[in-house]
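Note that the chains are named A, B, C and D in the order they appear, and that numbering of residues resets to 1 at the start of each chain.
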Amino acid sequence: MRRLADGLALGYVVAVYAFIYLPVAVLVLFSFQESRLPIPPFDGPSLRWYAAVFADRRLTDALANSLLVALLSSALAALLGFLAAYGLARYRLPASGLQRALLTAPLSVSYLIIGLGLLIMFSRLGVPRSLLTVGIGHTVINLPLCFAITYSQMGAHQENVERAARDLGAREWQVMLLVTAPMLLPAILAGFLLSVTFSWDEFIIAFLLSRFDVTLPVEIWSLLRSGLNPRNNAVGSVVFLFSFALVLVMELLLFRRGRRR
Amino acid sequence: MTADVEVLGVSHRFGEVAALRDVTLSIGAGRFAVLLGPSGCGKTTLLSVIGGFLFPSAGRVRIAGRDVTGLPAARRPTTTVFQDYALFPHMRLGANVAFGLRMRRVPRAEREARAEAMLRLVGLEGMAAKMPHELSGGQRQRVALARALAVEPEVLLLDEPLGALDLKLRRQMQDELKAIQRRVGTTFVHVTHDQEEAMAIADEIVVMNAGRVMDQGPPERVYLRPRSRFSAAFMGEANFVPVRLRREGDGIAILGPFGTHPLPAERLADPAATGGRAELAFRPEHVNLGDAPPGTLDLGEGTVRDIAFSGSHRRARIALDALDGGEIVAYLPQAMEVSATARLRLHLDPARAILLPAEDGESRCGG
Amino acid sequence: MAAVRAARRQRLRGFAFVLPALLWTAAFFLLPFAFMVAMSLWRRVGGRILESWTLENYADFFGRPHFLEGLANSLEITLTVTVISVLFAYPLAWIIAEKVPERWQRAALMLAVLPFWTSYVVRSYAWLLVLAHDGVVNRALLAVGLVEAPLVLASTRTATVIGFVHFFVMLLTLTIYANLRQLSPNYARAAADLGAGPVRIFLHVILPLTLPGVMVGAFLTFVLAIGDYVTPQILGGNNELVLPQIIMLQIGRRADLPSASAMAIVLMAVVTLVYFACARWLRLERA
Amino acid sequence: MPGNTRVSLGRRAFLGGMAAAGAAAAGLRAGRARAAESLNALVWCDHTDPALIRPFEEAFDVRVNLKEYEGTGTAFSIIEQSAPGDGDVFVIDGIDVPRAVDAGILAPLPEEELPTADLFPELVMAESHVRDGRTWAISEKFGYNTISYNREKVDPADVMDMAVIWSEKYAGRIAIYDYYLPIIGLVAIGLGKKTSELTEADLPAIREKLFQMKKVAKLVGDVVASQTALATGEVDILVGGGEWVTAGLAAEKPELDWVLPKQGGLRWSQSIGIFADSTRKDLALEFVKYILSPEGQARLATSSCYWAMPANRRAGEVLTPQQKAALRWDDQPAYLARAQLYPAPDAELDARMQDIWTEMLQQ
């Protein structure tokens, strides 16, 4: 009976994993397709589509743009989020509930709506659309994330540690710089990295708010619209590899040591 | 470095709750003082007021004769050892201990030497390069102590520093704390709810309850001659029997279930209460067996209700005839085997008897 | 008095920390929203935006069946996706949390959510390849003999739902797993001790205790799915448009920002309604 | 809180790595900004082929930034949401050039620098391109929106009649290209109407046929979705298809074909012009001249997004025989004669058509 249940459980897990990995496997497999159509039968392996990807300057440009936007907007979001979390966790402020609600509100609004609002505002105010506007949009969606993660980690214990620093003569800025920020670094970094992956993969805001300089998802979107092609598979596989590396770094540096304890 | 601490009429409220009510006390320079009381009764609040983490609603705090009431923690000659140690998790032990010196702009070489010396003082020699999470609870406690002492405070505040340790380690640390205090000579103000710990380390115990100071004095005095029913009850076990008092010549006499008995007047903590009602208190270990010799206070006969072996003695609950079956607790000799329902005759050395002013009910904070 | 002044100084300093984030949110979230509300009350007529106040965009939306149908499609698809995703994810999370040995759990979880990090746009495209007439699924089904003719999968509502479910199963597995792990195993032990069987332990102890977490995950799924344009656009084959597609049509093909704004606000209102409907299970914020 | 009690060299290294990645990304951007100038072009996707753009960039040491779109409505929408001076070169449906001129978007072109005489005569399209004696745009590429189909699965005789697109015979095996103008035009042709004379009064009949079409269609897709559907066997007929769908696939999928049915078909053409607000008009003109040159034309005709006929006849000197065969170079005179142009509705009729289109999609 128990063995049967375990068998069922195993079967279920295998089935769901297969479902989860099916598109990735197909994507990667047919990125090595020799001919022009990424559908069965497989006639590879060939690296010609990867060569095409790396030779395509528009793609490599978009990749650089994406990295830049992701890193800068996430850094800003992490900084603003940390400061706000520090202020709200450490000081008794009037209407702090309302402030928290405001800061986390963008979490429950669709990206499409956030993007549309910014699009309308920027075009009414005559702000030209560029990577800067994309970065602004990404900071809007990532700030609540960084804030919430950092805020949730600011417990009473950390407060005591900060008191200890003050007790030993540290000024406020020293407390924040030497004690609070390093102590919360895992949370801040987690927020930052999560933001990087979100921004890196965000499409609709970037689509609405960019113009001639675009980020990678927008460029991929254009690629997809411009013809069926294993090159799309190759790009997707490269992006996957990159995100995977990022997640692996996050796991190894931030979480593994914590788990050991 | 050492200094005396004076707390004058300090009150503090958290919203509706009065955490401190008109607290006045003074602790001499170089003393090891312990604030003792049940949890939630204001002792940690008082420590925060002395340390500069809380600014009292009323009253003043003076250290070395200087008014520090409005000063923040950083500018007081005090440092604190926190209950959860509050070590900087991201710094090595050396950096933790040297942090205060760094804030005081002590050159690196000097502060590293001082940190190492401090670690040696607390028995963690050569561990400056370790991270806090590599340490055991007791070791962390020592680092916290070294860190707080490194800046040579005049007063060291310790907020239940041993609370998280297991019993055996706690007793060991008590001895070390005491020894370190002797060596550095700094005034220590230590908070605990463990009366055994308090008696083991304190030069001076301050018993607190419901935001008030209930008693203050050397451990022996506070234990043997408590000044309030609360401190008698909190410092170990005690039996209480209501009595009436009558002035009799130089002394007083107590009238009660055990008949009339003269006592020297100094027995009564508060002479103003004389003439009215009072309470006779005595510790279980002071109850003697057998017929009452002359001059002793005869408690009469009683029936053993329950007896338990507790190592150094046997703890017995005995229903006294004189109290119409009311029970007292007595510690009987370890060697004496008594069965429940045994009849015993008991008496008390009047020198051990404590007279307390009658109080209305127990404390509201419980024990 | 000094204490009062000190308290005010403290408050001001604390506020200074929060202010940059508040200003940012006000300038780039609240203000754009205000612009959008204003825009939704204007009209686009003959290639120009007419700045006179009117509710006509809303009247249009509710007056035209093909717009309303978009909302209905959105709701149907989103609800289907949410329910299916929870039903798929919960057992997976439970098995990982309960059956997989402790030291492998993290790896199992990582493995389960890894494809989460493929590019969102690419993932939908990959599903298109998988579900195509000549795609892997149909080839496999034909080879095994389960079907006689290729199934019509791509460019249907089913494809959209599959694409969504794929994404949200991963997301929900993560949240539900975190929830299950937070539960002390002593709850189940206590229940077992008191004579409850596995099924009853699950129904009466584990499920109620994890429900708030599941609801948060489900709500997140709902919000993300109902506002998504990419998945239905790539996989749905332009059949049965959802609201975001209609909004994008207004923006992209006609530059009709007023009516797009009105639809976006309707979409937001729907999400808000759903939020309040489930509010008692949702504690997105730290209490 | 075990998570926050460690700091390690690893994390420092990680932060350093992040900073390095940022610097690399910035460096990459800086490096390409070294090109002296840049040129912004709003184009259809066929212009994004590096094989087309790179020779120009190298010759003039500039960077060409391309923003692609599908459909004139989208283009106008993008322009409206842009700041003046954002764009330099504009590629637009030939039929919609007058709208752009009306809107004051385009700058006049110096006629003497354009190879107008080398164009296929039908592609000069003076009625679109010339106003007040000045030329505002020039044709660069053209092709047909008709019917693409799979020769192995569809009887070629059936697709000779436009009615096939709403007939039940191929129900569930038809895809519709998601662009309202050509499809509405095709339906109009199928109904025996002239695309240039469409009015509001024609719409009810067209709407009915559109809905009928939607019922038998499997999907309505953009360029890639419809191409994918046809190439993967998802569907066998693509309404609105033409050489732009099948020519590029000729090598891999020879069974894909396209026809002009007996009622005729729709000819599309792209024109290229310069934005009135452009601050780099000289460079923009060089780009236009490059695109119109025989070499540019040949590359444009065979660019990766879609193949189609070059407007300049002299491209024939550069194209290979195979390429010319795939483009059906020699059949052009006959095709040109039988094809009509896209409908060119005014703003109001256009809005009505789009409404019908959205309604149709929602069926």
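Following the convention adopted for this analysis, a contact is a pair of C-beta atoms (placed from the backbone, for glycine too) under 8 Å apart; a residue touches a chain by one contact, two chains touch by 3 or more.
Keep in mind that this is a model prediction, so the values were computed, not measured.
By number of C-beta pairs in contact, the leading pair of chains is A-C. When chain centres are defined as mean Cα coordinates, B lies farthest from chain D.
Ranked by how close its mean Cα position lies to the mean of all protein Cα atoms, the top chain is A. Work out the mean CA point of chain B and of chain D, and you get 88 Å between them.
Between the Cα centres of chain C and chain D there is a gap of 34 Å.
Look at where the CA atoms of chain A average out and do the same for chain B: the two points lie 55 Å apart. For chain A, residues that reach two or more other chains under the stated contact definition are 39, 119, 123, 157, 182-183, 185, 224, 255, 259, 261.
Annotation for chain B: residues 89-91, 133 touch two or more other chains. Chain contacts: chain C has residues 132, 134-135, 234, 251 touching two or more partner chains. Contact residues on chain D toward chain C in their complex (touch as defined above): 71, 73-74, 76-77, 80-81, 103, 172, 178, 218-221, 225, 228-229, 232-235, 347-348, 351, 354, 358-359, 361-362. The part of chain C that touches chain D in the complex is made up of residues 46-47, 65-66, 69-70, 128, 132-135, 150, 152, 154-155, 234, 237-241, 246, 249, 251-255. Note for the complex: chain A touches chain C at residues 6, 9, 12-13, 16-17, 19-24, 26-27, 30, 38-40, 80-81, 83-84, 86-88, 90-94, 99-114, 116-121, 123-124, 136-137, 139-140, 143, 147-148, 151-152, 172, 197, 201-204, 208, 216-217, 220-221, 224, 232-233, 235-236, 239-240, 243-244, 246-247, 251, 255, 259.
Of all residues in chain C, only 10-11, 13-22, 24-26, 28-33, 35-36, 39, 88, 91-92, 95-96, 99, 106, 110-112, 114-115, 117-123, 125-127, 129-130, 132, 134-137, 139, 166, 169-170, 223-224, 226-230, 234, 244, 247-248, 251, 257, 260-261, 264, 267-268, 271, 275, 284-286 touch chain A in the complex they form.
Interface of chain A with chain B (complex): residues 157, 160-161, 163-171, 174, 178-179, 182-183, 185, 261.
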